[in-house]
Amino acid sequence: MEKAQLLRYIAKRALIYVITMLVAFSVLFFFLRLIPGDPVSRFVRDIEVRYSYRIENTQEIIDAYKERFGLNGDLLTQYISYMRRVFLEFDFGPSFLNFPTPAQNLIWRRLPWSIGFLGVATLMAWVIGIAAGTLVGWKRGTKLDSALFSLALCMSQIPYYLVALLLVLVFAYVLGTFPPRWAFSPTVTPGLNLEFIASVLKHATLPALSLILVQVPSWVISTRALTISILGEDYLLYAQAKGVKKVRLLNRYVLRNILLPQLTGLAMSLGFVMNGFFLIEWIFSYPGIGTLLVQAIPVLDYNTIQGIALISIFTVLSANLIIDVLYPLVDPRIRTGG
Amino acid sequence: METPLLELRNITKDFAIGGGLGLGEKKSIKAVDDVSLTVSREKPTILALVGESGSGKTTIARITLGLLGPTSGEILYEGRDVRNWIKKDKKTYRRNVQVIFQDPYSIYNPFYRVDRVLFKAVKKFGLASSSKEARDMVIESMRAMGLRPEDLLGRYPHQLSGGERQRLMLVRILLIKPKLVIADEPVSMIDVSLRSIFLNNLQDLRSRLEMSTIYITHDLNIAHYISDEMMVLCYGRMVETGETKSVVKDPLHPYTQGLVNAIPTPNPRKRWKDTIEIEEVTFKELLAQRQRCIYSHRCPHVMPICKEKIPPLMEVKSGRKTACFLYAEVLETAKLE
Amino acid sequence: MSQTFKKGTFLSRLRSEFLTVLKSSPVFRVGFVLLIIVFFLAIFEPAINDFRLDGHPSTKFGVYEKLLPFSAEHPFGTDHFGRDTLAIQITGLKFSLMIGLTAGGMATLIAVFMAVVAGFVGGKVDAILNAMTNAVLVIPTLPILIAMAAYMRMNLWLISLTLAIFSWPWAARTIRAQILSLKEMGYVELAEMTGLNKFEIMFTEILPNLIPFIGVGFSMATIGAILAETGLRVIGLGPAELPSLGMLLNWAMTFGVMAQGYHILVIGPAAFLVLIFISFNLVNTGVEEIFNPRLKKITGI
Amino acid sequence: MRIVEPILTVEDLRVYYKSIYGDVKSVDGVSFSVNPQEVFGIAGESGCGKSTLVEGVLRVIVPPGYIKSGKILFKNTDLLSLNDEELRRLRWGDLSYIPQGSMNSLNPVLRVEEQMIDAITSHNDTPKEEAREMAIARLKEVGLPVEVARMYPHELSGGMKQRVIIGTAILLKPSLVVADEPVTALDVVVQRGVLQSIANLRDNYGITVIFVAHDLAAHAEIVDRLVIMYAGEIAEIGSVYDVFEDPLHPYSKLLVAAIPSLEKDVVEGIPGLPPSPLNWPTGCRFHPRCPHVMPICSEEDPPLEEMKQGRHVACHLFR
């Protein structure tokens, strides 16, 4: 398939994703604005309480803040000005949490933590899950298969935030082997020294584990079902009849045909993961965008919530795009325009 | 010549085959290319559409049934365009033109008993005034087709064999009493021993209901056994038409000749003597330059002209037409005399 | 053995179908038993608690001593508010299930409607509806749910509706895919040939074969809803008068139960939640295992 | 017919399927032997057990199917006694297989040559390059252009895929090839080409072929000896001339008469319905449909008896 076709295909997919992002982002915008509760007056009152002095002309100040946050005028004008500011000037606007700093700065500072632990956990879970699933599928019908299958079936049911709770309970409080919260111990100076990195890894194990412990079993189940169906395919029976050795059979016949559907599976599962990792970060008070979100909500900090939501939508869609691009390279049927 | 029962005029149907997932520019393949045929109104006939897979015979069937629209050309049932029939009074058209599908295993809704197919037809076409009368009609039609109602009615589809299911379709046709039936390879999925019972019943319906049939098959044996007239299709184009017995006995077009002597004869004494060379045609060749005889890449008697022009369908003998330049001189000399 | 035209009722066929499913799939059997336990506890919760707490409502504070150890009378001991832990956890199960099922029901209704319109009308409408489904799938629903729960007066119907708004796409996708494949079946074309109009085809030919998949869609939506609802409750949001398992977890968290060693207050609700999820999922896997080429299982006829 | 040492002998083979309704007896006590360098045809309608039989012989039966009992002597080693590794080495080295689902027997994500090379390199350590030479040579022999080697399965037509499978089957010059319904899904012209390629295996390479098909006319074209199967048992065995010109078993007679052909004007079918393997009829399994049925037929199942050299029939009329 010539270069031109591939590029046109990628452009088409990218366009679909941009539109989906805009639609999702706008739906989010209106939903948030429709929620009753006036964040600005609440914000002004907070200032009074925090710095404990009475503000006389509260109404003017509220209007000034509304102006600053772009919250005056009817919903539509707000929407247009907001979209222009976000997508043209890449500025999400000020945040309520700590006022003058724009929302995106808050997010950029915390994003690496989330991406780090989330990305690593999801990919590790995918790789382990596929390998284990293929083996369990290969050994289908044996005792090992039914044991692992029922275990995986149960494990995949437990919600990840429950796993997080139980992990904290067991490893942090009872055994005390892992720290229950934060990203690194306060006694360590952040920098590229070994000690800091070790502390970061130690702190990240429990949050990552709570994701992995739930995702690996669900990948095992879906891969096992896929392996069993592939093992029933004619080309597998024929390959076995040809006397192809087990190892070669596994990786050139079974695994190659598993990767394709599981790649799309990975893209789809990201949507689900994005929905859930906020809670894990909150339970471990891990300094990622999840905790930031949980703090932003009670204050109804529109800009920060929208910012974090946009990041998560963007990550899911770009993952889908990457997999769409990978697909033709992996699947000859599409590559040769069959 | 008054209006025929069914007339297809220069039907063409293109299918776009871009690459997977919208890749590749829009190439299109002509599944049906300029096909015309007529089914006469007075004498009920069985016309066989014969061709290998990919010859467009099923596409023609679906166009006639109104399930698919042609890219160009017209389909006239009793002089009126089928699409107009379906828009204006679909019920009469469905009443007059019926179908027997190929796969007996997918035409019964697994959720219901098989009786539903028959009683639904009676109800929708208002063939009986009361449910009692409907039941009697169904039982009587089943007996007429040599089926025992006590064994079949009340059963679920998975409890019936392929043969029984297809014969129930014939009972449905007997109930509806259409003027024309399109049978799309109805026996290809049932065993040889049950086929002839189905084929004999279908022929019996022709006389009993004054009903014409367009019988679609890739099996020349069956076409020879059941049909009066035959049209041979190759990659969407008409290559030969004529009265079945004479086409099979003395095939004119090289493609038909290839088909006839490729049939294995059930007699070990009369085995194939020569071995035939078959070049497979790939998609690319099919799409390549269209202005040529569709069989030219495989034809043993190919001539230069075959690769430049499309041979028109010419009447070479009485009632025998073929689209092949081999017979061009014959026609020239005939015209001269 | 010819049956004369016995009009076997549709129910008798469903029963026999159910029995074959029960007999042939162990996964379904286990799941079904667990499901019965869960529903038994949920439905008879008032009776169980009245009997065990001789009349006191399980949610009433201060009925017993605080934080009593496990005993015959209180198998799971009591919690910070002096309530019998086991009783309040069964009540929690009831409310979690109630919210889950209502939200699951609403989500399935929306999903069936969207899938039927998209799959059935097809063309432009299908493309738009499908894009919408994918868009909702991509929006991080939890933040909005949390925000809504934080600010709106929530009762059973409102919280179920909010949960349903964000969990219908999962069910819609499976049902739509099924409709598209059923539309190609031979009996749909035969129905067209018998003059049935679009609606008759949709509701009498396609819908009956959709039932197993609507069932699977419903249980997926219910699980999704309970997951989201518990997530909300763990951070302390949602209607207090409906103390679901999530709320119990939140109470346990806020009282730092873990540090003090009363682990049952966390493990109990977690176990009940997992019981709900496993029962639904096993039944789901069993049904899906059965409704793909079932005939292949019997022989190669 | 000179007495010759058969290459394959099957004794009382039973292959059943486990199902929730109990055991399905697809192949229920079948015995026959195949002589070297002949095309041995197995015919019968769908559900008679012919494909299950050859899958049993090759031990490629997939659960829920299993081999209940019987002996399979291939060059007098019993295939049922071999362990997996021995079986794996034997397959393709000396005994190869053209599966029923040839249309999708090629791995969609590998090129044709890669899959052929896999077959070679798993049996001996020929270097990759040499294996590719062998593969391309075989493709030419079955009438395929060289470019096919680099193509992916989805780029090939049905006939081409079938011939790639035949080419793969004879890669290591086996002495016995089992072809299970190789022509069913093909168009008539391509079918003739494939039938000829199968006949060439015997004529040009001296390979013995077991050819399974339900179309009797295809058997007539290329087969030396023919078996007619019905309801999991053998009804009749004989040379192709005997079975076509002088069929003994009533079912064979009706089957031969039911073949539509250009010479015949009237073709009658076989009344009644093919029996279901879930519960075979008692006694002779053809008795409910047999025009010469006798009282004994419904009680006792007639064993397969040898009338004369190489001619067997299982019917009470001949006892």
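All chains are identified by letter, namely A, B, C and D, in their written order; residue positions are counted from 1 within each chain.
Definition applied: a contact is a pair of C-beta atoms (placed from the backbone, for glycine too) under 8 Å apart; a residue touches a chain by one contact, two chains touch by 3 or more.
These figures come from a predicted structure and were not determined experimentally.
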Chains touching both chain A and chain B, listed by label: C, D
Centre-most chain, if every chain is reduced to its averaged C-alpha atoms: C
Remotest chain, chain B as reference, centres from CA atoms: A
Of A-C and A-D, pair with higher C-beta contact tally: A-C
Centroid distance [mean C-alpha coordinates] between chain D and chain A, Å: 55
Interchain centroid distance [CA atoms averaged], chain A/chain C, Å: 24
Length of the line joining the C-alpha centres of chain C and chain D, rounded to whole Å: 51
CA centroid of chain B to CA centroid of chain D, Å: 32
Interface hub residues of chain D, defined as touching at least two other chains: 155
Shared-contact residues (touching 2 or more other chains) in chain A: 333, 338
Sequence positions of chain B contacting 2 or more other chains: none
Residue ranges of chain B in contact with chain D within the complex: 52-53, 161, 163-164, 191-197, 199-200, 218-222, 224-225, 248, 258-260, 262-269, 271-272, 275-278, 280-282
Complex contact set, residues of chain D against chain A: 58, 60, 62-63, 88-89, 91-93, 96-97, 99, 101-110, 114-115, 118-119, 122-123, 152, 154-155, 165, 168
Chain D - residues contacting chain B, complex: 45-46, 143-144, 155, 157-160, 187-193, 195-196, 214-218, 220-223, 240-241, 244, 254-256, 258-265, 267-270, 273-274
For the chain B and chain C complex, residues of the former touching the latter: 65, 67, 90-91, 94-95, 98-99, 101, 103, 106-112, 115, 117, 120-121, 124-125, 135, 148, 150-151, 153-156, 158
Complex contacts: residues of chain C adjacent to chain B: 2-8, 13, 185-187, 189-196, 205, 208-209, 295
